[in-house]
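So, here come the structures, one by one.
Across the two complexes that follow, subunit A remains constant while its partner is subunit B and subsequently subunit C.
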Partner chain A sequence: MAEKIVVDPITRIEGHLRIEAEIENGKIKEAFSSGTMVRGIETIVRDRDPRDVWAFVGRICGVCTSMHSLTSVRAVENAFNITIPKNAELVRNLMECTVYLHDHVVHFYHLHALDWVDVLSSLKADPAAASAAAQKLSNWPNSSKGYFSDIQTRIKKVVESGQLGIFANGYWGHPAYKLTPEQNLIAVAHYLEALEWQRNVVKIHTIFGGKNPHPNYIVGGMPASINLDEANAINSERLAFVKKLLDEAKTFVDQVYIPDLLMIGGVYKNDWGKIGGGVSNYLSYGDFPTEGYNDVDSYKMPRGIILDRDLSKVHPVDANSPEEIKEYIYRSWYKYSAGDKAGLHPYNGETELNYTGPKPPYKNLDFNDKYSWVKTPRWKDLPMEVGPLSRMLVAYAAGAEPQKTLINNTLKALDLPAEALFSTIGRTAARGLETKLVADWALEFYDDLIKNIESDSRMVDHKLWSGEKWPKQAQGVGLSEAPRGALAHFVKIENRRVKNYQMVVPTTWNASPRDEKGNLSAFESALIGTPVHDPKIPLEILRTIHSFDPCLACAVHLYDEKGSYVHRMDTF
Partner chain B sequence: MKTLVLGVGNFLLKDEGVGIHAINELEKEIMPPDVSLIDGGTGGLHLLGWLQDYDRIIMIDATLDDNPPGTIRLIHPRYASDFPPLMSAHEIGLRDIIEAMSLMGDLPEILLIVISVANISEVGTDLSPEIQAVLPEIVQLVKNQTASHASFN
Partner chain C sequence: MTNRKKLTVYEECLKKGVSRRDFLRFCAATATIFGLKASAAAQIAEALEKKSRIPIIWLHLQECTCCSESFIRTSHPILSTLLFDQVSLDYTETLMAPAGEQAEKSKHDTMEKYKGEYLLMVEGSIPVKNEAYCCINGKSAKQIIEEAAENAKAVIAWGNCASSGCVQAANPNPTGAKPVHKIIKRKPVINVPGCPPIAEVMAGVCVHLLTFGRIPQLDSLRRPKAFYSRRVHDTCYRRANFDAGLFVKSFDDENAKRGYCLYEMGCRGPSTYNSCGIIKWNEGVSYPIQSGHPCLGCSEDGFWDNSPFYERNPTLNAYGIEATADQIGLAIGAATAAGIAAHAVTTNIRKKKLIKNEE
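Moving on to the complex of A and B:
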């Protein structure tokens, strides 16, 4: 007899994600993922000036901050065939690197690490032993016995106050926690350091984007003026500050994040390197252009698709093709004019809400009917995983460097076969490795920017700005790789106004419900077979779902503010 | 005494964005020189960097509770757990930020201005009439609290 468990909400981040799972003989047999809120943000940009859309879509969510704005200006530039100056490409890349560095570090330490790290166990650690272990891991200077002893005192104070704060909702003492008290103390110390570090790195957005959160973009380039000697421009002093922040980021990633990842990965690899793989297809649009957005071969992160875990072939993807990317609503609370079984390419996407689910608060959803506000995107009718793992696998299969060497070296260091990539640990590791690459690339982009501004000060291409030369009708797609995965904005423009706007966002791919044929999407399939020690404290579900870095702010477009909380889980 | 007035919320979700609307209104006013205004949007942890530089922080946000829409409450929280439930729809909430700051041991003096709203699900960039009607009151409240030598009470 299967036992049913419900985890709702599963993330602390925007949007409500609900997981229902059936457990038989200690393992998950069936899993259903449902987005329980809807927004229809797309409707807000209809009939607006396409040059203004970035400012609205940038407000959807504070997690991906500028990624929606970037993708929106790319879509409009694509529609009007606008290319941006080199400086703007580099500044956009630097801002995107900043999003990655901030988002991935915060995800690892503040949204995911406590699935692996037992905070209370760290109180039992011997600070001298923790110090010795930390010094073996890396050269990070904060590693003395006194340092770990101070951290322990701080944690003790928090615990004794009875105000556990962000540590209040963990499953402390769960038998699936395997780190030693010393390893737990090292990780908790770095949790606190990451909290300190993250608040500085985002200042790069303020410098280049004028403000943060929600920095400024412009169709045709970047609204930033660089002049080394001008007090009111991005001058040499501000650029030097950017360089300092990027250097600090690299040091933090190399000396703290990566060693912690290897420490935690080494302990959990034998169990969690074998499960949680999910759908075996991976999609990446690629990103970080170095020779223009239209030159996909120049991207640092390559574009493509891996099917059936076959790393010998990378399949091309064309987001403009009406036959490739389609969104379905067979199990989602929407209505299509062509009926429930139709799939629509996003240019012709429809967002008509049609809630047929139970009246909240409800106990269970009916999975033989519609059960989510998330639509089901498919590539040639196949489910795809998107995110860091997809990007790293596409790069690996394409033979791209430095990705390939870095992955091989990491597998060797952890003594794992390549198949271990297709797992919960593989996904979490891919995110960390990618952060390391991005930290390096950011310094490259910085150097290139400094070189380029010596001879070229252009930041915006104004030729098509006024709109007089725009065609009466145009359509365009903006593609990017947001930290949590492939992001696409599709815009149709008529008489200089937005006629239709559709976004296919990362968590839509990963968190979507089944399709008509019954194929599972990434979250659902990744949970099948996962052992659950105690259904009342389903830590294992959190490990795998959090490894995807879910965010539903933009994936589901009403607030089910009084949803039922069978297990309320705050997972900051 | 450096004071930060921080409006947060999602500007696309009508009344949910009342904190941002309040900042936009305050920007038309003359404020004391040691007072800064920030549109925090849905910034989450991105906001931590701003908060560390101030002695006092006045946060303005929407809340979904059983009070009539437009009810304004002043809260002087001692702990993060004193925060009203469901502080609006933006990612890592204010409560988490406060908890993070308290963990880092640098919690400034905090005053919370919460505005009860009936609905945070509607999409739009304007406020409902009952919330629009209390904007001047929010502005006046902030001005009183930031008038020189005023202390939170």
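Moving on to the complex of A and C:
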């Protein structure tokens, strides 16, 4: 007989996610993922000036802040056939690198690490042994015995106060935690250091975009002008500031993040390198153009699709094709004019809220009916995983460098077969490796910007700023790779106003409910087969769900075989 | 909160008839559980006899987490100092270790143990058109906030979502998003607007509460005067260009490259109350105008519907909270000269009103 579990709220994510799972013989047999919050922003941007939309949709997410803004200006520029100046492309790339560096580091230490790191165990560590271990990991200077001893004292003080704050009611002491006390202490120290570091790297957004979170963008380029002879513009002082922040970011990634990732990966690889794989198809739109947004071959991250984990072939993807990407609402709380079974290409997408679930407060959702605010996107009717793992796999299969060599070297260092990539650990490792690449690319973009500024200071294409020359009707798609995966914005413009706006966001691919045929999306699929030591404690569920870095509000529940949904209850 | 009579854990034990011997035994047991040396028991006892850090419950409703993201970027104090030395952030879905039932337990433990003492911080708006538009653990946002506010000492509404509904409340407000003060009537609500608020402003509000033990002085819109009594326009370093009639006409034009005033590009600085020009963003690095973009007015109620953003809007409440530009009979958005004249007139009106208010 099965045991059911509900996890709601899933914490250490962005947004509201609920997960329900059915556990049999210590393993997850069924899982349901539900997004439990909606705001209807696609409805709100209708009839607005297309130049304003980046600001509205930017507010979809303050964690991968700026990614929706970037994708929105790309969509409008695509509709009007605007090519931005080289400087603007490089500044946008630098800002996108900043999002990756910030987001991935914060995800690893502050959203994901506590799934692998036992904070209370760090109190048992010998600071001298932790120091020796840390010095073997890298050259990071904060590694003395005294340093670790101070960190330990600080944590001890919090514990002894009886007020554990964010650490209260954690899963400390759970047998699935495998790090030594010294490894835990190193990780806790770096948790605190990353917390302090992360507030610096975002200053690159502040320099070019005026603030962070939610920096400014404009259609046609970037708002900050370059003038090397002016205090009020991007000048050598501002550029030197950016360079310093990029250098510090690279050092932190190379000397702290990657060594910690390898340390933790090395301990957990044998269990978690075999589970959590989920759907076997991977989508990446690619990103970081070096010769313009329209020259996909110039992207640092290639575009394409992997099917059935076959790394010998990369399939093309065309976001404009009405036959490829479609969104379904069979299990989602929306209404389509063509009925519940229809699939709509986003250009013709509809957003009409239609809640049919139980009235809150409720204990259970009905999984035989609609059960989520997340729509179900499909590529040629197939579920796709998106995110760092998809990007690295597409790059690997396409033979792109430096991705391929980096993946091969890492597998060798951890003594793992290529199949281990399709797992919870594979996903977490791909995110770290990608961060290393982005830290290097950011310095390349910086050098290119310096070179370009010598002969060209333009930041904006003015031709189409005033709406007078716009075509009466236009449509465009903006594609990007947000830290969490493939992101697409589709805009239709008529009489200088937005006629329709649809977004297919990364977590929509990953967290969506099943489709009409019963095919599972990435979260639900990845949980199947996951061992659960104690159904009252959802640590293992968090590991796999967090490996995707979800960006929504969801919840997890357990349900029984008769279809009645119960909150944390045995059905023996 | 100046005369806070919060009982320490030890005092609570005494009140409940627990003897000192049992209390010390509990401390020793705690030390064992955490794998500490026996000597730690004395330290635990000492800490529990002292006053506790202020407990905080931070709710996430209809939001994008930008307020939490801004908060973690604070530079003075830095977040770890705040979290581990000054407050006890017992519930925040973004950072807390536990999930599901254990997360709910953290919230309920604090609500019971620190009844009337904890601070409630809210990020996000509350949908009322259908409560199912935002649910956590099966409860609606409205149910959650009403329950958590019941025994809170005070409520802080972070950001534009919680203080005025923000982007989801923009026309046509499909989910019926409401700010906190429209739902919670019986508790003091401090509005800290902005999308998001500046990190140091958020930390500043916390520090004021902790250091001085009372709510900072608020204006009529419940905003802390320390951070929201000045218009961005009045504190803008480009203000001299406005006064001299030097304006950017188009992004990246020659005037933009000289850092002239962005008023004609739609800057909302003249109608926006915030600290961007003074404290600036991310440890004082820059702010939107300094980086070439007009102010969007993100700390103002209903700023999303004062669009298009890149045009002056004659119906905009352009010169302060007293009157719209149209009401004082001047057409804005036509000639800049008229704009400057209107600006001067309304500034004077505003000053007079302020003087009157002070009296």
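Here, the second predicted complex is superposed on the first by the 548 of 572 C-alpha atoms of A that agree within 3 Å, B and C clash if a C-alpha of one lies under 4 Å from a C-alpha of the other, contacts with A are read in each partner's own complex, and residues count from 1 in each chain.
Simple rule for what comes next: a contact is a pair of C-beta atoms (placed from the backbone, for glycine too) under 8 Å apart; a residue touches a chain by one contact, two chains touch by 3 or more.
Computed from a predicted model, the values in this text were never measured in an experiment.
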Fit or clash - subunit C, subunit B, common subunit A: clash
Residues of subunit A touched, compared between subunit B and subunit C (which is higher): C
Which superposed partner A:S455 touches (first subunit B, second subunit C, both, neither): neither
First, second, both or neither for A:T43, with subunit B first and subunit C second: both
First (subunit B), second (subunit C), both or neither touched by A:N212: both
Partner chain in contact with A:R51 - subunit B first, subunit C second, else both or neither: second
From 6-14, 60-68, 240-248 or 258-266, the subunit C stretch with C-alpha clashes against subunit B: 60-68
On subunit A, the residue positions that both subunit B and subunit C contact, one per complex: 12-14, 37, 39-41, 43-44, 56, 59-63, 65, 106, 110, 154, 158, 163, 165-166, 192, 195-196, 198-199, 202-203, 205, 211-214, 553
Of subunit A, residues touching subunit C in the complex: 6-16, 18, 36-41, 43-44, 48-49, 51-52, 55-56, 59-63, 65, 106, 110-111, 114, 119-121, 123-124, 154, 156-171, 192, 195-196, 198-199, 202-203, 205-214, 216, 218, 220-221, 223-227, 230-233, 241, 333, 353, 355, 357, 359-364, 373, 457-460, 462, 465, 536-538, 542, 553, 555-556, 567-568
Residues of subunit B that touch subunit A when the two form their complex: 10-13, 39-49, 52, 64, 79-81, 86, 89-92, 96, 99-100, 102-105, 119-121, 123-125
Residues of subunit C that touch subunit A when the two form their complex: 9, 30, 34-36, 40, 43-44, 47-48, 52-53, 55, 60-70, 72-75, 78-80, 83-84, 87-90, 92-103, 105-106, 109, 130-140, 143, 166-168, 170-175, 177, 195-196, 199, 238, 250-253, 256-259, 276, 281-283, 285-293, 296, 298, 304, 307-310
In the complex, subunit A residues that touch subunit B: 12-14, 37, 39-41, 43-44, 56, 59-63, 65, 102, 106, 110, 154, 158, 163, 165-166, 192, 195-196, 198-200, 202-203, 205, 211-214, 551, 553, 558-559, 561, 572
